[in-house]
Structure formats: structure tokens, C-alpha cells
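Chain naming follows the written order as A, B, C and D, and within any one chain the residues start at number 1.
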């Protein structure tokens, strides 16, 4: 099965650690020149470790066996100095998190020069010239000016472009891209994917793309390798895999991808929920929020004049890209950030002008679910104590009745009762998010604010949690602000949706209406940028957007 | 950058003012009247009163305090009760010796800490790490006076290579080679705990920087380990190390009290001891305030240095 | 195009390290070696600087009063006195005065002065300087213990610049003590004395500089009337820690130590490389004092019990290494007032002590104050504490810094018991009860006031001849006062010991423990 | 799972503590008993560590001296730490009290420890309680600051926000979330502070402002030994070894705690 034209050939790669930890069992794959190969899998599938093994970048304590050949030569187990000659020069790598992948105290130009110098002497002038070229190549405007900038002066998209420039600096034959767009907003993600494709087309560099996002795969990959817990599940061209998945796991992955309504799906407006009989669960009346201290003259607006209603029992999706103010709006509803203008009414009561005691009382009807499952539970408290805490705060019932309520809630979020005695760190991310939801619901709140509750989860887990959320919402009938950057997620859970941009409301309305026939150009662009989970025919590149 | 500095100045001044008041108040509460020590057994009430007036001790507390503070601004630190000369001149000599000692110790500590932690992280060999960790812990665990006496015993008495104490006889500049020999033992003694603390912190923070994604990025681009440590990780580890260094500098003056005693180094440490025991208020209060000022200024400098080393603070977040 | 060479930081560091090492090994001279390699020829040679380590620094405001090593060195080197006592007797020798005669009524003294003496600044020495010097000492501001004696000199006849007649308002048996002790100072430059900036004397060395807490430096005075000194100069370094002094001598940094402990001196004495000089005659005393203002100490039986309880022999043997005399009296053995029987009246007798203590009844815990940070004082205090524990008296040790200790002595406000040293016992006996703080009959550190004692002190002071019968009677009465009243009890009479490197010769000293270095020399 | 480092540290500290507890019963003599004729004799079967210049058995004094250090380490430090934690916890929640307290801490921390100790001993006299007071006043701001850092970071944690949204008050959050989550850095600091306390005791005794004669502490025994460095070099060895063991043990414990905390 060995083909001589293979650029990279991985055979029976196995990676193990001294202590139990997700590892690689048996992975074989190959890339030919000029090809984009997608390595797909959920967390723990071993996709990142495989890529790191190619460059000898495994964490300390990892042992790899099998074979990795680059242009027919074995690279696994090469000494550090020989690997250093390979790295960057012939095989380069791009990492997931552009925020941390660049040295924060060095300029962009310095970092590019440093990478160039790693593979031979180069004069300062030549290095500068090459740096400008590279920044042009990754489509960063004003490259002459940008090379003097520090990473923190660049946007997330620009940073990822710089990381790409670093990888391309020494014209490698193979580019390993480890989730290069996961941390980016959808519109930026679309631009970076387009850029990757153009680079491949222009330079013939092969790309090994590691991702969990089937949409991204469909968008760019020629072939796909599906991994699951360290083993290859399925290999094939993108068309084959998407069209006729052979393995049940591949099918499951594809099924759990949420989709948006196709353009024009919306024809008849769904009858709007009956006009509210009672006061809205939450009302924003042209609210303003500022960050920073106005006293020091460095306040900047985070939310500007947003007015929104959430009816009782209604789920309002709040979407927007980073910096749009969606999280701030959610925190405002919870009373966690100070109000700079306008008013917030919870069940008709003005939240910010009520007394602290009254606000604590209002808290009984309010719940907050945070994005990060790592941090949303107190690591020092048992799961049961965490769920019980709101009952303890408001001294609801007897200890026995509180325990009973905890058991009830655990059942509602479909977790075994004995979980109550465990500590958060013993649980998976999905389980922790369920517990966070159970805690949020323990007092039977009227309003829940859910800030990206599923964004840190794997797709299949996300699908389960969203399904559970839907059921719980049915069962408990609370109103909810559901914040997400993922339009498909909002599509699957929300009744209505509000689109935010730079702290302002762009448009709002029933989900089917906004997503089906968006009226605002920004909403349209947002929707267009979402990669569809089906392979496309090769087509001419989309107009390149300016880097954000 | 400048505004960053300016924002810190008021709180530093506040600390100094509060400290000056506390010092002044505390010294007045200490039992023992300086006039007793000066007047003698055959003193009459009149002569005691004359001394009292001469020293300004007959004035009310507040006016004494204000005239002291006022004098400080004119660099008039007052007159020593016991020695008789102006406090400023008295301090100048001691301060020079202490500064020379402390700065040398600091240079030794910082240089050695940089070298040892860089070598440790670059080589990353098991036995080297174990050896350095052992030395390090010993440096932290050995009390200053014990290490000082050991140094004297070893290098001055058993093997008489270096002087056992004192300052160079002809001043610091006349014979630099002699000066080095006089400075070596006390400076090493004072530097030892600073070196140990600094090395431990810097090594840890270099190691944690080496685990950062940006290092992986550079490594994946083929940058050698030595360059990764020195050119990439070090500049990132420095800002926080500077803070630790700032705290260490603050403790140097306290350590100097011991080292100066062991090596009969006539600096501020020995001056403050004799001044406190002699109830020489004008000297004591200036010395105490000086030690607070050193601390406050060091903190200010560390803040500035840290900001300067970190472009995120230096240049600010504006895109 | 400039090629960029990657820097090699370790290479640079290595170079630097090698450079430093090379410098240390070859090019530079050793600060230690330079001072050690010297051979001795046995004959006096000129040149060299004597490096002295002193425990305590000069205090300009009390340079003539509170004794300190630095101040003593200054007085001994820079100033001369009119007469000089030899170490072992009270028969004075001429110094700045060539001859003297006390009037038959004991109320005046006439002195002939040298006419070839100049101060360091070139000013000739005259009788006016004598007058100014004595008047200065009489000024209470200097807190000199001999102030009372100096103040009794009321008339000065300075008509002859090279002779002076001093008149007294009462007979002064200890006038020669005063003339031995008073340094002859210069009025014109006197402002500098209090500020510590200048000391203009007639002595063998001129004051060159003072760095507080650090060092005093002196240069040879070529025009010294006693002949040019051998040494080029003297450096007195302030080294408070006896341990550091010992280390410094061993490592060759000092030639002479003023502050060794008895035990260090003993150790050095066994080593040929060092010499130990006993300042015999310049005796000092360590004593236990009682503040009678403390109600617990009012009862003389208790004080007597303490005097019987203390183990003087042990203190002498273990702390002072046998160099001295264990006695309860306050005189040097050479003093005319010394009485062998009285000196051993309170030899250790635990039974008597217990008996006396029992008569007093329950004694509360007594505070015992001593010099903080002085190993000798601390050892003595602990032995005394243990001795008193043996007779059922509990003592609480309270270390007090030297300066505070001195202040309490002057102000007579110790809390209870204290251990300190006194001197002046080697002088004319009258000097002690008239001038020394612990004994001064008018007001002393113990707050012991007795008309009888004052009378006896006065009698000794006024005796025409310090060795005469009148004086002898007064001394006997004083001894009886001391034994009966025990406001303090002496522990040990000892003499200071200094340690030098064996390359130093010709060291001399005054009865007041001031160094005399006019004939000292150092092997080159 | 415990690291070997932690075991060694615990072993060293435990050894010293055990000696301090049972030592006085094992000691052949009383700590201040003066033995006739035994003036500064070297180590022998009668006096394992020799005798000092006033004829006391150094072994007995060392065993008794440990107790002073144990008092300082296990009483003064925890008291200072407790006060500091309480003050830091309470004041750092509200901005006004926080600013005031932090300024006060700034001032206290601005004095070098030993200089502060010298000044304080001039004020209240030397002794064990002076050492304890120096340590307490040093540790209060140290722990106050540490807790403040924890409060500031924990109060931003999502689980705290979740509780606050539900209606939890400041006290609730401080007690239920902030304090428990600050404990780890506090235990590390506690071990570090304890080792510093041993240093402070030793340094103060060395300067003569610590434990006063005739009572022994490890620091004063080392000082006594060093003043007789040439005549009786054996005197300081025993106490010095114990100080090293105690400090080393505490440092190892703190290091392994912070390593465990980091992993």
C-alpha cells in the first residue's frame, strides 16, 4: 500500500503515556503532494498527538512507536538537532489558539526573522523584506507597519494570519494545521479557510488539517481520515465520506452536526406566541453598558441602546461575534455588570433600582449557566452541595427535602444519584454542564441566562446537552436568554433570535424568519460564512474580506 | 508609560507619609529620655532644660514633626544627639558602604541566577537539576549568619585567602583588585539567599514559559532549544521575575544588618543598631524612613521596569 | 549587507569568568598576603601603620567622659597630660609639666611647664591651655567623672606662660590624679571637638579623620617633643564583635585588638604568632550594684546575703581565665586603701548567705541588668544568677545596651541589681568616693546616701598626704562603710589584656587604659 | 499520592517536633543547670554536645531550646496567619476597606523585618514575646495580601457569579467559596512563613534581641556557639543542624505543596 509519491506516510503509529491519558492506538495515513487531508475526531481521538508526533513535539513522557516517513525517510525517533532542521523548513505547523501561539513580548517582524534565522543566516534587511512579503502573502494590510506591532495589537484573525506566515516563512512542503480556525469567529474562519486554500493552490504545499468541525472539512478537504479514541475509523475522499459514510461513528458525527434553515426556507411566518398576558420575564429598555472607568476617561461602550423583551417561557437566542456585547447583555440581565443607561425589568420589576435585599430575593427566580464547564462549579464542593447551594442560600425546606430536590434534579438532567457525592473534577465536561443546569433549575427559576453553555463541548456531547436543554425548558417552562456564537445551536433551541454587532442590536425576530430570510446585510454575511456540513463543488474563491 | 508611572506615585508618597508619621510617633513612645544620656550625673535642671531646648525637644509633638518633615524636604536631616555631626554626613558614609555592598550582592545574585537557571533549563539534565535544586534549597535554608561565619572560617581563617571583614583601607576606587577581595565574602553571603530565591523562581517560570504555545510555535519552526530559552522564554519570564527581585531588594537592607555585623562592614545596618540603642532619634527616624523609602522606590522601579519589559503594558492595548 | 551572527551568550560569560579568575589569581595582589609576609629583625624600625581593632566608637559629645575604645585611643594618641603615673605606683612622672610642688596647706599646686611643646597646628603650648583644659573638664556638660575634682580648682595663675599655679577651694589629695587624667586641649580649635571634626593636641600622633562607626585615623606628629614616633600612623577600626576582631587578627587584617574576650586572649597567648599584653596597674573592676530605691533592696541583710553568695573565684577562673583577683573590696591591690582582710570579708559562704536571706524573709524576683551583647557580662550575670538561686533568690536577667546601661548608671535608675565595671580604683583612693559614679558620696548610682560615708570621703579627699596617717584612717573608715552597707559588692579586679600580632613591639598604656604608641614599632 | 520530597520534609520537621516534645524528658540535665567543674568541655559520653562557658550541658539546652522555635513556628505564625486571613478576607471584599488595608499593609511590609525587629525590641524590650510579636506583625500583611489575591480571583469565578445571581450575599460567598478555594496557596505560604520564622528567631537571637539568657533557643545557642568559634567549635553544631533540619523540612513541604498545587 506504500506509494512512492506519498509526501508523508504514517504507519501503525501508537503513542502511550506513563499514566492513563488519551493516547494513540494504531493510526495509519498518508498524504500526497498538494493534497488537503482532514483528520477528524472529537477530543481524545488522538488527532493532535498524531500531528505533533510528525514533528517530534510530543509532550515529555510520551512514547511513540510505529513509523512516520517523510518523503520516504523515517522521522520518528530522530534526534532533536535533525528534527530542528526538518521543523519549519520542510514541515511546518499551525496551532489552534492564535491568542497564545505568538510570543507576546516580541514584534511580529522579530518573530518572522527569528524563524528565518533558524534555518540559516540572513541579513536584517533581507529578513525584513521577506517578512513584508510573507505578511502580504497572508493578506495582512499595511505589512510594513504591522511588522513593528506586538501580538496584542492585532486582532484574532490577524494573529492567526501571522502564525500562518511564520509557518510559511521557510516554504515548507507540508503544513500541519491543528484546528486553525476553531478559536475564531465564523466570518474570520471563512476567510482563513479561503486563505489556506489559496496558499495550497499557489504553492502546492500539502496540508494536514486537524479539526472537529465537519463543516470545515466539507469546505476545504480533499480526503478525510476519521479518528476515534486513537484508532482510524474511516478513510476516504470527502465526497465518499459525506455521501456514504461507512462507519456508524462517522454517521453519528455527521448527524450531530446542526444545520441552519436553507435560504428561502422561511415562507410562512410561524404564528407568533400569543401577545404576552403578563409582564415580560425580562425587558431591556434601551440599555447601555460601559467598560472601564469613566473617571479615568477610558470607558468604552459595550452595549449601546439595546431594547429587547423576553416573554415568559420563551427562549431568546442572542448571537453575534466576539465583541458584539452578547455576553455583556446576558451578564447585565443577571445584575453582574453595572448599568450605564436605560433600565432592566425582571418580571416587571426594575432590577437596578431595587434594594440589595430585594435583588437577592429576585435572585430566586434567576439562574445563570456559564460557558466554561471547568470553572462553573466550585472545585471544593461536592456536586450535591453545588446543586443544593441556592436552596441553602434561601433556606428553602429541610435538609432532607433539599437532598430530595437534588436527587430529583439529578434525575432530570439524567445523571445517576450517586454523582451527588463526587467532586466536579471527576466528571466530564458534558456532565459538569448538566450539573450546572441542575443547579440553575433547583429553585425553579422563571428566567435562565445561559452563556454559551455548549461551546466548550464536543459535537456529539453538545447535541445531547442541547436536547436535554430543550426537554428541561419544556418541563420547567422558564424563559431563557441563550447566548451563542454558533448560529446552528441557536437555531436548534431558540424561539426568537437577536443579532448583535458592536454592542448594537442588528435585528431580532423569530428564528426561522431571521435565519431564513435575513433582512440585515450583516446577518446575511454571518449566515453565509457558516460552513455547511456538505462538500461543495470546487468553485471560484469567494471575495476576500478585509482582515478584521 | 509615563501616565502608568504617575498613577503609582501618589500611593507611594502616601505610604511614605504614613510611615514617617508612624516612625516619629513610635520613637517618641519608646521609654528613655535622650536628655538623660546627654546631661550626665552632675547635670542641673537648668543644664537639662538647655539641652532640651537646644534639641527642640521642648516643642509640642506636632511642631517637632512638621519641622522634621520640613527639614527633610530641604535635605536637612537634623543633628545627631550622640555623635554631634549632621545626620546627613553621618549617613553618607554608612549609606555608601551599604549601597556598595548591596549592589554588589545584587549583581552577583542576579548574574548567577540568570546563568544557573538558563543553564538548568537549556541543559535540562536530571542530575544537574537535582544538584541545582539541592544547592538552591541549601541557599534558602542556611541562615545568613551561619553561612557568613562559615565563609569567614573557610576563606579567611583556615585558608587565609580573603579578608575576614571590613572595607578596603584606601577606599573603593584606589585599588579595584583589593576592593574586590574585601567585597567578595560579605557580598556572597548577602547574595546567597537572593540568588537561591531568584533562581528557583526564574527556573520555574522559564519552565512554565517553555510549556507555552508560543514556544511550541517557535519550536515547530525549527528554533533551537538554546534560542527558545534565551530569546523567547526569557523575555517573557523577566517581568514577573523583576517583581520577585523587587521584593528581594526590599529584604536586602534587613539582611545587611546581619552581614554588616559579621563582616564588620560599617554600613547603615550597624549604624541603625547603635543609633537605636543610643536613643539617637534623629538618626533612627531618618534611617527607618530611608529603609521604607528604599522599599517604596524599589517597588516603583519594579513596576516601571516590569511595564517596560512587557509591551502589553508599555504600548497599551490600542490596536 | 550586514550579516547577523546569532549571539553566543555562554561564550561571552565564559570569557568573563576566565578573565575574573585570571585577575584574581595573578594580576592582583592579595589583600591578605600583602599584610602577612613580614620578617622580624628585633630592632626598632620606622614606618608602617598600626591597625587597631576597637570595640566601641568615639562619641564626640562625651569624648572626655564616657569611655570608649575609640575615645580612649584618641585621648592617648593625640593628647598629653601634665604628669603621668607609672602603671604600678602613684608616684607621678613629668610629662608636659617638668616639676610641681603642692603648697603646705594643700590648697594650691605650682607646676613648671615645658617650653618646647607645640600643638599639632603649630601653636605653642602655654599655661593658658592648662587653665582651659581643667575648666573644660569642670563643665558638667561633659559628664566627666572627675568633674567634682576639677571644679574644686578655682584659681589659675597664668602670668608665666611656662608655669602655672592652681588654687583649690579645699584641700585636694587627688590633685595629681586630675593632672594625670586631664588631656591638654586647645581652646582655639575647641569647636571641632564636639563636632568630631578635629582634635588638636600635643601628642605623638595627630588626628587625621573619623568615619563614625567605621574608623579613626591618626598620622605621626614629626615635631613631637618626646621624639619622632616610629609608626607612620595608626588606624583604629571599629569592630564591635569580639569574634570578628579575633577573625581579623587571624586573617592578618589587624595588628592589635582592644576588645578580645579573656578566653580569646588565652587562646591567642598559646600561639607564638601573637602576643598578649596585660595592662597591669590599669586595673578594672566588675561589680554587682544594688539600687536602694528598689524597696526590695532596702534591707542591708539581703545585700550582704548576695555578697556572701556570689562565687568570685569561679567568675575569676572561668570568665576571666584567672587573670585578676577575686575580692569584694573596690580597690586595686596597689592602692593605699587596699586591705587584704576586708577584701575577703565576703568570701563565698553559702550558709551565711542563706541565713541572712532567711532573715529577710520572702524575696520577690529581682531584676538584674547587664550589658547586652557582651559575652563576658552575660557569663558573669548567669553565674551570679545561679549563685543566687542557690540561696533561694530568683533573679531575672535583663540585658541592656551599653549606652542605656551607662545612662542608667549616670541617672541612678537601674531597676534592681546590675552588673557593670568601674575603674578609678587604681588612683588615689579619694578619687573613687568623690568622683566615680558608683561611689560618689554626694549622689551615686545606688542612691546610697549616708552622712557618715560622705564624711569619710571628704576626710580622704582633704587628707594632706594620700599615704599619710590621716588618709589611712579615712580609708579604713571607707572600707568599713563599704563592708557594712554593701550598696555594691565587687566581684573581680582584673586588668585589661590586649592581643597583638607578634610583629608589633613597644606598646605602652596609661593607667586609664589609653594606648601609648610613641615608642611602638612594627616589623617591616 | 505523596512525593518523596514531602515525606523527607515531614520526616525532618516531625523529628525536630518530636525532639522538642519529648526532649526535656530525655535531657540529662536541666537547661540552665550549671555543672560544677564542667567548663567548656568537648563532646564526651557525659556531655554529648559538650558544655558551654557557664558549665551547662549543651545537649540539654538544645533539647529545651527547640521548644522556643516550636512556639514561634507553630503558634506565632498560625496566629499571624489567622489574623491576616481574617482581615484580608473581610476587607478586600469592599473597595474602600480594601484600599485602606492594603496601604497599611504596604507600610508594615515596607520595613525590613530585622530593622523592624530591632526597633520593636527597643520599644518593648527583647524576649520571646518580642520575637512572637515581630512574626505576627510580619505575617498579618503577608497573609492578608495573599488572601486578597485569592478573593480578587475567586470572586470572578463563574461559580461565584452563579451563586451571586441566585442571591448569595458577600458573607456567604466569602465563607463558602472564597475561603475554601484560598486554602491551597495559604498552606504553601504557611510552610514558607514557618521557615522564615525560624530564621527570624535565629537572627534576632543572634543580634541579641531575641530569647534572653539564661534560657536557650536554637538561635541563641548558635550565637553562643559562634562567639566561641575558635575555642569550642562543637558548641554550635547541634543547634545549627536542628535549625537546618527544621527550615529544610518546612521548605521541602512548601515546595511539594506548591508542586502538588500546580499539577
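One rule holds in what follows: contacts are C-beta pairs under 8 Å (C-beta built on N, C-alpha and C of every residue); 3 or more make two chains touch, one makes a residue touch a chain.
Keep in mind the model is a prediction, meaning the values are calculated, not measured.
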item: More contacts between chains, A-D or B-D; value: B-D
item: Centre-most chain [mean C-alpha coordinates]; value: B
item: Remotest chain, subunit C as reference, centres from CA atoms; value: A
item: Subunit B and subunit D, separation of their C-alpha mean positions in angstrom; value: 22
item: Interchain centroid distance [CA atoms averaged], subunit A/subunit D, Å; value: 49
item: Chain centre separation in whole Å, for subunit C relative to subunit A (CA means); value: 85
item: Chain centre separation in whole Å, for subunit D relative to subunit C (CA means); value: 42
item: Per-residue multi-chain contacts in subunit A, two or more chains; value: none
item: Multi-partner residues of subunit B (each touching 2 or more other chains); value: 153, 227, 261, 277, 279
item: Contacts with two or more other chains, residues of subunit C listed in rising order; value: 6, 250, 372
item: Subunit D-touching residues of subunit C, taken from the complex the two chains share; value: 242-243, 246, 250, 261, 263-264, 267, 317-319, 372-373, 375, 378-379, 381-383, 385-386, 397-399
item: Partner subunit B, residues of subunit C touching it in the complex; value: 6, 9-10, 13, 23-24, 27-32, 36, 57, 59-62, 65, 140-143, 147-148, 194-197, 211-215, 235, 237-241, 244, 247-248, 250-253, 372, 401-404, 406-407, 410-412, 437, 440, 443
item: Sites on subunit B touched by subunit D in the complex; value: 11, 14-15, 18-19, 22, 26, 29-31, 137-138, 140-146, 149, 153, 250-255, 257-258, 261, 272-273, 276-277, 279, 284, 287-288, 291-292, 295-296
item: Partner subunit A, residues of subunit D touching it in the complex; value: 157-169, 172, 176-177, 180-181
item: For the subunit B and subunit A complex, residues of the former touching the latter; value: 212-214, 216-225, 227, 231-232, 235-236, 309-312, 315, 317-319
